[in-house]
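Just below is one structure, and these are the notes that go with it.
The first chain written gets the first letter, and so on, giving A, B, C and D; residue counts start at 1 in each chain.
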Amino acid sequence: MAQPTQSHEVDTFLAGLAQYDVGPLWKVLGKQLTPTPETPVKPHLWRWKDLRPQLLRSGELVSAAEAERRVLMLLNPGLEGRVATTHTLYAGIQLILPGEVARTHRHTPNALRFIMEGQGAYTVVDGEKLPMQPGDFVLTPNWTWHEHGSEGTQPVVWLDGLDLPLAGMLAGTFFEPGRTESQDLTKPVENSTRGYQRGGLLPTWQRPAGGQSPLLKYAWSEARPALMDLGRDADSPFDGAMLEYVNPVTGGPSLATMASFLQRLRPGQKTQARRQSVSKVYLAVEGAGQTVVNGRTLEWGPGDVFAIPTWTSHAHQNPSASQDAILFSFSDAPVMQALGWYREQEL
Amino acid sequence: MAQPTQSHEVDTFLAGLAQYDVGPLWKVLGKQLTPTPETPVKPHLWRWKDLRPQLLRSGELVSAAEAERRVLMLLNPGLEGRVATTHTLYAGIQLILPGEVARTHRHTPNALRFIMEGQGAYTVVDGEKLPMQPGDFVLTPNWTWHEHGSEGTQPVVWLDGLDLPLAGMLAGTFFEPGRTESQDLTKPVENSTRGYQRGGLLPTWQRPAGGQSPLLKYAWSEARPALMDLGRDADSPFDGAMLEYVNPVTGGPSLATMASFLQRLRPGQKTQARRQSVSKVYLAVEGAGQTVVNGRTLEWGPGDVFAIPTWTSHAHQNPSASQDAILFSFSDAPVMQALGWYREQEL
Amino acid sequence: MAQPTQSHEVDTFLAGLAQYDVGPLWKVLGKQLTPTPETPVKPHLWRWKDLRPQLLRSGELVSAAEAERRVLMLLNPGLEGRVATTHTLYAGIQLILPGEVARTHRHTPNALRFIMEGQGAYTVVDGEKLPMQPGDFVLTPNWTWHEHGSEGTQPVVWLDGLDLPLAGMLAGTFFEPGRTESQDLTKPVENSTRGYQRGGLLPTWQRPAGGQSPLLKYAWSEARPALMDLGRDADSPFDGAMLEYVNPVTGGPSLATMASFLQRLRPGQKTQARRQSVSKVYLAVEGAGQTVVNGRTLEWGPGDVFAIPTWTSHAHQNPSASQDAILFSFSDAPVMQALGWYREQEL
Amino acid sequence: MAQPTQSHEVDTFLAGLAQYDVGPLWKVLGKQLTPTPETPVKPHLWRWKDLRPQLLRSGELVSAAEAERRVLMLLNPGLEGRVATTHTLYAGIQLILPGEVARTHRHTPNALRFIMEGQGAYTVVDGEKLPMQPGDFVLTPNWTWHEHGSEGTQPVVWLDGLDLPLAGMLAGTFFEPGRTESQDLTKPVENSTRGYQRGGLLPTWQRPAGGQSPLLKYAWSEARPALMDLGRDADSPFDGAMLEYVNPVTGGPSLATMASFLQRLRPGQKTQARRQSVSKVYLAVEGAGQTVVNGRTLEWGPGDVFAIPTWTSHAHQNPSASQDAILFSFSDAPVMQALGWYREQEL
């Protein structure tokens, strides 16, 4: 756009505007209305071989009681000073040691976790205890009471995903600590899993009316075979075979602000590049592969986490001749779709 | 309501109206606006021990080629002359013998089937072959191409459920025969089951946009354990533990006009009486019990089918001290709910 | 379809089935599954010049108190013995004389009225009084308390439209008389009209959550200019310019079971023929024209009512060189759409 | 929350984490999970008597061609350096002089305008010209081509409202300049207003399937009488009589990200204090009054604009004994509702 000519008179006028808490739009319009989204977020990969020793070291140095949550935040190098993995999403690696308990609380930011290693940990959500195994995907939706603990003998590690940056930007955060350390277990263990884990079959009595997913744990023992069972016709050219973890009562995303996925790249599979007005965090679960992000190759193997900024080209490849690669991911797609700002472009 | 006084003059006037194809509403208003629904449908039970010999006999007397569909229609004794089990629903018992094929066609009435006995039969729906085992629940929704066949060595029997009376009353029936006897199998066997049978996990690629359920077969091997896994908090006072077969993409009923259910009555369980503005057809699958319908007791055991008219009190009981009772049922609830006419009353 | 061969043995078998309340589907399948809908409903036109004298005569012979509702039912000649104008819809012409009151009641069948002539009548719906002028469209939805009266000095006539045949077929009818003759007027006169009659502007306080339309009267003084204001780009090839009366809170049909329309045929306009799986009742409001129904021409002028059966070709024509023709109509489209059975075909 | 004890060893560990682009959540958790939303946005009022002279002066100093848009941005004093009136919303005062044209373009941020003074200006949206009078409310939704011009003889001023800060935070901004200065007028002037401005009446042909509002201009000549017609039962204790500008096809907000309202405070009316997880921008249209925001009183009269931060108590008062006060406002409520973060609290 053309820039207006300047003069002393104009300069004086413009300088005087600040006293009225106003400013000239025409000086900033071009920066506000960019042709395509501009984001400081950088594509970035965090290596499991780097993170794991640091996380275990934190377990030696800091108690859970001191830390409340012993988590290493994955901080995007483009977002210095912010607690953010992309502009809307936060991811962290959490460690819980045998016998530890993180006290109950609730908050409006939505949270998900994907178990990475270790046996014996659990989450309690609104009175229901959910034992967690590696590969399990567990929800603690907006304003549900929740707490974690470990009854095992090994360290347990999981990936946390939250919409903290989004909730922060939108000023949507409420928090309330529990009055006691632990909730009463008012429901049978894994009650929601038992009621909702089979497809196309919903309990009829007191069915939740949409809103939040009543299914709180999506077991790896179900999700992995479901992914492996998908036929070739379910193969997306951009993602390979891919499942979404959904609210079984509505078919919508498992959380109002974050969609979560499990995808499989067959041996030798290479996907087409695409960009979407969506930011994503991936966790490599099985196998090894590459994701080419705006021309730069991220090499990943089990436990590695990587972030893809919005409107950034990416394509995946599994170079193995024999082994599948499995990626877990979550994104802010539900937000962009709800607001009418979802877009995609094949490249 | 008060009846208008009559006179010769009035009589003459009324008699003359017919020539204009009009009539006096005030003579019929009371019959039109009844305090509660009036239906000629009678509560009725069809005994398996009666039906099975007749059905097998029909297999000896009539070929599938002759019969197109070898089915004994369950005809409500209150609806003489109509092909109807309730005012909106049709049920029949179908027999297919080894090697038989019922040629492909499609129609707008929705159909469901629940397999009662025998191995080796299958349904093909829109290019997908669905092998059927006892207890499986299979859909052939509105306008899907479908055909049946048997590759087994035994007679196979199933319960058919259709909205034929509804489609007939609403004049919504279209029918088209296939150009060939059998469809091409354009999809892998049980493709939809493989993609949709696990709860909270949906394929992301080419996901159907609501409308009809992409899940076409709900396997007994999934449905029975799902029912058994339901906790006590899922127990309805009117139905015991109850699952609905739903469209996994929307959580809505598996067919637009019929809702289908599987319910369990624990040993000794007795439910509260209720009436609803809904008619229902039940099939006893396991165990034995009683349903008290407007004060009359229907005694049922495996294979028995019974119909409950709309707005009719009913309560179930499982008198066994040790054995569960399992009922399959389908109803016209989605119709009454869509039109704003669903009501229920505890009794 | 092929008919099975018969034999004495088969005949005996078939004759014996009735004792079990079952019958052979294969003998009736062809009649059940017709290639396209079959309906006994006939296209029919009721002439205002015939009906009006009969209606006024009924006013002399029968008091409103005697008649409860002084209405001439428009009875489809194809549906002898039924209170029905099409298979799902009922229409009648109602007369109310000065000073008469029809006492308050409520029922689950939905009702609409379109005022044909006379001043001074009103309807009360759930405590809100709605004065009625010719051309006004008034709703009394499912289970709302309603009553009519006339404070004018002339006879008032309107067209009633109800889903009585549908409610009857589906056994959805509940009725309750008021405990008093008249309701208390708990809301200001025309309260809903004042709150909802301007497009794109909704009251924010206690907004109804979907369900029934809060707008109960659609004034002719708004509807006619709205129709006349529609530009050429709003012209449907099948209907000319056409407005639907909708629920302003949802944009859906004004009643759950019936959609209502006002359409304009410009001088000389002739529409394309089409058939839909929908039955309709039309009232000619202004002008004169023809509707060709399955090759037969119905000629209509102001006050004439005509019915079009489902899946029946129809096209409209306004032969006037200078005058617009305006038709009001209502149909069962919401039912067929809700159940997945709506279809249309250009001809 | 308790702070973990520190030691040299811990300090060293923590300092080393940055090299891996990770950080300890436990050091920042309290700041992330605040009990209630924290926002730097300040309640603020911009006075028309201050702004108007500055805006007219900008008209003398800067040409529209130079400025592209001659707008004074209303900059929240708590958000220094950001183009933002609240954390999600932007408002500005725009001036267009006789004969000026602002060239056509489109962008994903949604825009609304409310005309403050002057005759003869217009907006063109997707080929439809919309003449604008004071009090008119005009939409340019996400990705619609639009341009402005003035054919009058006076300066025209309006309030612009956009979701620029939200689109910026979410990186949802796309922009495209028109290839020509002006669009072709492919539709009649005010076509959408003519089709959609009457309540409960929708064109049937090519009705938009939800998504964006087809109604682009809500005339003051309709909106003001609609507000005045609201009965006492429409009075909210928090807002007085209040209308929402909605999408007439869905009843939802007129823009996906912003809800807009017109409210009336009767003479002497004083509302109850409330806070909501929503930020708002108000424009005083008629009358004068006060809004108490967290104990601080904002005094407003015609043309004044004020901003209320999220989760901030506010109550309105019209102290006049005889004159109504009318406020226009817009908020980010649709965003918070779509994401499950809408809350409110009476105070």
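Note that a residue touches a chain if its C-beta (ideal position, glycine included) is under 8 Å from a C-beta of that chain, and two chains touch if they have at least 3 such contacts.
Please read these numbers as outputs of a predicted model, since none were measured by experiment.
Participant: Give me the fewest steps it takes to get from chain B to chain D if each step has to go to a chain it touches.
Facilitator: Tracing touching chains, the least step count from chain B to chain D comes to 2.
Participant: Which whole number of Å gives the spacing of the CA centres of chain B and chain C?
Facilitator: Comparing mean C-alpha positions, chain C is 31 Å from chain B.
Participant: Take the average of all CA coordinates in chain A, do the same for chain C, and state the distance between these two points in whole angstrom.
Facilitator: The computed centroid separation for chain A versus chain C comes out at 52 Å.
Participant: Using the average of all C-alpha atoms in each chain as its centre, how far is it in Å between chain A and chain B?
Facilitator: 43
Participant: Which parts of chain D, given as residue numbers and ranges, touch two or more other chains?
Facilitator: In chain D, no residue touches two or more other chains.
Participant: Can you tell me, using the touch rule above, whether these chains form a line, ring, star, complete graph or other shape?
Facilitator: ring
Participant: On the basis of the stated criterion, which chains touch which? Give every pair.
Facilitator: Between chains, contact exists in these pairs: A-B, A-D, B-C, C-D.
Participant: What residues of chain C sit close enough to touch chain B in their complex?
Facilitator: 1-5, 7, 9-10, 13, 16-17, 20-26, 28-29, 32-39, 41, 44, 46, 50-51, 54, 57-58, 61-63, 65-77, 83, 87-88, 92-93, 105, 107-110, 142, 164, 166-176, 211-212, 256-257, 277, 279, 309-311, 332, 335-336, 338-341, 343
Participant: Which residues of chain C touch chain D in their complex?
Facilitator: Listed in rising order, the residues of chain C that touch chain D are 187-188, 191, 194-206, 213, 215, 218, 222-223, 225-226, 229-231, 233-236, 239, 241-251, 254, 261-262.
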